[in-house]
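First the structure, then my questions, so here it is.
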Amino acid sequence: MSKLLLASLTLALTSSVAFADTIKIGVVGPFSGPAALQGKNFQAGIDAWLAINGNTIGDDTIEIVYRDLPAPDPAQSAALTQELIVSEGVQYLAGYYYTPDAMAAAPILEEGNVPMVVFNAATSAIVNASPYVVRTSFTTWQTSTPMAAVARERGIDKVITVVSDYGPGVDSEAAFVAGFTEAGGEIVESVRMPMNTNDFSPMMQRIKDSGAEAVFAFLPAGPATLGFVQAYVENGLKDAGVTLLAPGDLTQEPDLAALGDNAVGLLTTFHYAVSHDSPENEVFVEAASKAIGSASELSFPAVGAYDGMYVISKMIEATGGNQDAAAAVEAVKGLSWVSPRGPVSINPENRHLTQNIYLREVAQEDGQYINREIQTFENQGDPGWKAP
Amino acid sequence: MSLFEVKNLRKNFGGLAVTDDVSLSLQKGDRIALIGPNGAGKTTFVNLVTGHLKPLSGTVHLDGQNVTKASPTQRVKQGLVRSFQVTRLFSEMTPEEHVALAILQRLGRSGHLFTNFKTMPEVVEEIGSILALLGLGGIARTPVAEIAYGQQRLLEIALAMALRPKVLLLDEPAAGVPSSDTVLIERALAQLPPGLAVLMIEHDMDFVFRFAQRVVVLAAGAIIFDGTPAEVGKDARVREAYLGSYADDRSVA
Amino acid sequence: MSETTLNPSASTPLWRRSVTRDLVAVLILAAVAVALFFLFPSNLALLTRIVAMMLLVLSLDLVTGYSGVATLGHATLFGAGAYAAGIVAAKFGITDPLLMLAVGALAGAAAGAISSLVILRGHGLSQLVLSIAVVSLAHEAANKLSGWTGGSDGLSGISPSALFGMFRFDLFGRTAFIMSVVLLLVVFVVLRIIVRSPFGMLCRGIKQDPVRIRAMGAPVYFTLVKMYAIAGAVAGLGGALSAIATKVVGLDSLSFTLSAEALVMLVLGGTGKLFGALVGTLVFVWFEDRVSAINPFHWLTIVGCLLVAVVLFAPKGLTGAAEAIWKRMRGARS
Amino acid sequence: MQTILSIGADALSYGMVLFIISIGLSVTMGLMKVVNLAHGAFAMIGGYIASYATQQMGLPFGVAIIAAVLGTMLVAVPLERFLYRRIYGAPELTQVLMTIGITFAIIGIANFAMGPTLKTIALPSQLQGPVDLGFRTIAAHKLFAAAVGVVVAIALWFIIERTPFGVRLRASVDDAAMAGALGIRTKIIYAVSFALAVGLAALGGVVGAQLLPIEPYYALHYMVTFLVVVSVGGAGSITGALVAALLLGAVQTTGRYLMPEYGEFFFYLAVIAIVCVFPNGLMGRSK
């Protein structure tokens, strides 16, 4: 025990004084636990950026300090964040996969004089928690809203919504319902499913009974999507012509192999597809695939991390390596660049990305399942954000 | 009015009558032995009158009050206390703590949160005197798991005494004790307050003869004999009940 | 027959001896806390989180270690305290930290008493399952009532005011840590008194043989409900402390996972001993934190192996093993 | 009517899946008196083996099932010999600590060895796609799971009640010392029953993988489900586990259809109600 304490103490001391012109970036994410894949993608995005751009900005060297937060746990998030600021002396905070974890870190930023770049957490209100929060991912509102237009364009009048019963699911439902009814469609029913649902057959029965022409679904990326898509096919909904519409969480690339043929033809809206056709993305995918080890594990959090690193590098340039959170955040407001996902810019009002949202169709190409982009909704802001 | 009165108690398990119209009364100071062959329903009888089982019909009166519907704990509070055939003690606690718990319970202090019996002189004194009376003073602070079985049986009696009952039901107090140590149990029982009414279930007939003024015999759930120890051996029905079940039992003449 | 151990005049020193022991225990804890404060000035948030967990594990020790109730749902009480303190602060503007602690304790006590009515209906395995059902229901309810609790996004907007109007909850977490240590010491002393009180003895008796307790005329069910309420207050304090220090309350504070972790920490430290709860929590959380910082990708395997090793080599927990070693050393010397 | 039949079919098939993955745990908990929280971990190992066999090695599904069952048993033998044997008869809390530790370790290793992504088991074409029941279609693999469940229930009942091994097992469990005195080698009996339970876990993991997909946290995600089914049914009772699985499957399926928002409430309230009325489980022997 005492040895352990001693070891960590020496670690803490040496790391805070030894490198004077090193700028540390603390990254908090799920590197173990059920969402370890997303944490790996954070790391892949960061490593890809470092591999392409090098780890120096001006005369400053960047050093990444990882902290593991396997599940939503605000108390642990606050402890890790505080430790990163106080003991590791990080100048920038980044990562944060789950909303409550980002919320718990936000109150410390101002006093710590540290900006936070959110790589994933997708609830609109996070940017309101502190003026030092910048987000390079997406919000559930942002990715769900365009689907309403897609549905109307395809002549769908009646839709049933089926979402996982938690924050993002509720956001997604609200976004779609708002967009769809405004466009003149009818929501015949809105169903929320418990998070740990594993047999979706009764849900499919309900969808059938509702008489809807399409179903709008939100499930978090991961194990449940498999059962959902399978049940959709096995219960004959696909054959009956009931269209399945969903934000891209349902068909994230690493899950596609498991979903298999059942998923082919599914329509999803999202901010990024690994198969996006652009020179920027080609460079990114090559570097990130190398970083993560296997291209099939690459997913959307990687691009959030990659763009996040770009934003942090701009912050470091603007402040000349000095710790000045206010100036750093001010410098990137309105910043625009071409990301692997397409052209993006930071909305100065809410420090969130304005970006393209793509309609994609799951397809098979060279033996691989991909999300093929078939339509673009340009320059989408966050419709879910309300000024505080 | 008797101190303790059981009237027409009945209980069936399945279709079998395990307690069949039993009536029994105890007066202050009585020393009664309840005997009967294995399976006669003695322990069931104790469980019925102490409220651990619900009777089919019949009443139980304690000190003039009808307690037939009362819970086991209410009966204890009103002065009806039992001991167990197989020792039931708290293996990690000491005899001192056992007796303390019983005394505190009697005094209505067992729910107190911010006191300690060691700061109550009267309780400490009573613990000391009870344990001394039963010869357990030397092991007062030894966990029960580490003391001899005979001493555990004595502690059962100590607990009963600490509750200061009016009526005490002893379920084979000497069961499992080596015969050389039975004398210790007997000596302890002799220390019970004279006004207390005691009903003892026991197999050892020598013990019964020395202890009881009156013997009640239970067979197949019904009372078949109620009289003095001297008469019991001569009763034809008792002989039949015992010989029928275990013919070679040495204790019944 | 010896009269020496049990005459009334000897009882006063005995009682004094236990007070002395309490004082020593408190001094040791305080010394450890002060040492940690100066050794790890930058890890105070983690240490505060450990103290909050300690309150949860102490509370679990009261019902499991002292009263023999098997539960995998103890986070219900912790979460009740955390959400109650968080809601009064975020929605009703009651931001005084001491008031928040009081609210947390009350809510925890109420949750304890209510949940015990269900959990005490079972024994052994069925009790475990009932406790899991209770914590799952509480978790679902908190998820459903997102208007009050923030649902899965967590309850944010908690900004506790300065302690006594003077000490702000700062970035370094000094105020939160000192407050939590003082709270822990107070709770620890009170619990030491309670577990030795007649009531505490009654609970230990119930753990070993409820039938005998009934035969003494003491109520088993009511006693356990009361113990649950006390345990609830302790866990509720832990929850409120966590809400004050973190400023966000998440659904994890009301989860099966947290309940199971608390049980693991308790068994690791040793059940039925207040020190066991403290040691188990400190060692487990610290170990987890260090291992996951050194290798965030594979620490779970290492933690798993630690647990197996504890069962094999220290089946009575760390404090049980320490006691055994201490006894053997004393035995060897004499 | 159509709807009721349809929900009934879903409930039945879901209940059978629950049964087939929980029954092994009922053996360990009821007959061997070990609270084995690592049961799900063994089911997961079975799933991984079957997935590897069908996807990577291209073996047929039937071979994969056998490989999964035998392979998982092989993993379990040393665990039984060196770890589980130490906790037979230990207090519940000790068993909980040890088996949670084993679960953690297995999860960590699975994450390292197989990666964090979902793994699927390739089904033969006969088990893919829907089967027409007349009033509705149902997935063929669900019917298969139900059929396997029935076979397992009958086989297990036969082994425990009708074979010499079953007699010895029950004797060892009731009174190990006496069984030992009668010449029964209780250590071997325990090892064999443990292997049997683990084999059942692996079988359940494979057959149920379409509903409970294989990924590293499988072992933790469904731990509660298994525990609940076994204790509601009564540990050690085959019929009990069957009835509990079907009942809980029905409650959950109906709840999900009628009021999905409150589906979990129904489930846990049903559990509380059943356990309060039957503290030893529906078919459990009272202690």
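Structural remarks
Order of writing sets the chain letters: A, B, C and D. Residues in each chain are counted from 1.
Assume a residue touches a chain if its C-beta (ideal position, glycine included) is under 8 Å from a C-beta of that chain, and two chains touch if they have at least 3 such contacts.
Source: prediction; values computed, not measured.
Shared contact partners of chain B and chain D comprise C. Centrality by Cα centroid goes to chain C. Among the remaining chains, B is positioned farthest from chain D, on the basis of C-alpha centroids. We define each chain's centre as the mean of its Cα atoms; on that basis chain A and chain B are separated by 72 Å.
Centroids of chain A and chain C (each the mean of its C-alpha atoms) stand 36 Å apart.
Spacing of chain C relative to chain D, judged by their CA centroids, is 33 angstrom. Shown for chain C are the residues in touch with two or more other chains, namely 140, 144, 257, 297-300. Chain A has residues 32-33, 36, 165, 194 in contact with two or more other chains.
Within chain B, contacts with two or more other chains are made by no residue at all. Screening every pair of chains for touch gives A-C, A-D, B-C, C-D. Residues of chain A that touch chain D in their complex: 32-34, 36-37, 40, 165, 191-194, 196-199, 201-203, 205-206, 209, 222-223, 226-227, 230-231, 234-236, 254-255, 257-258, 260, 294, 296-297. Chain B contributes residues 50, 72-77, 81-82, 84, 88-93, 96-97, 100-102, 104-106, 109-119, 121, 124-125, 127-128, 131-132, 135, 137-138, 140-141, 159, 163 to its touches with chain C in the complex. For chain C in complex with chain A, the residues that touch the partner chain are 39-46, 48-49, 52, 140, 143-144, 146, 150-154, 156, 159, 170-173, 242, 245-253, 257, 283, 286-287, 290, 292-293, 296-300. Interface residues of chain C facing chain B in the complex, by the touch rule stated above, are 1-3, 5-8, 11-12, 14-15, 18, 193-194, 196-199, 201-202, 204-205, 208-209, 211-212, 214-219, 223, 226, 230. Chain C makes touch with chain D in their complex at residues 64, 70, 118, 121-126, 128-130, 132-134, 136-137, 140, 144, 256-257, 260, 263-264, 267-268, 271, 297-308, 310-312, 315.
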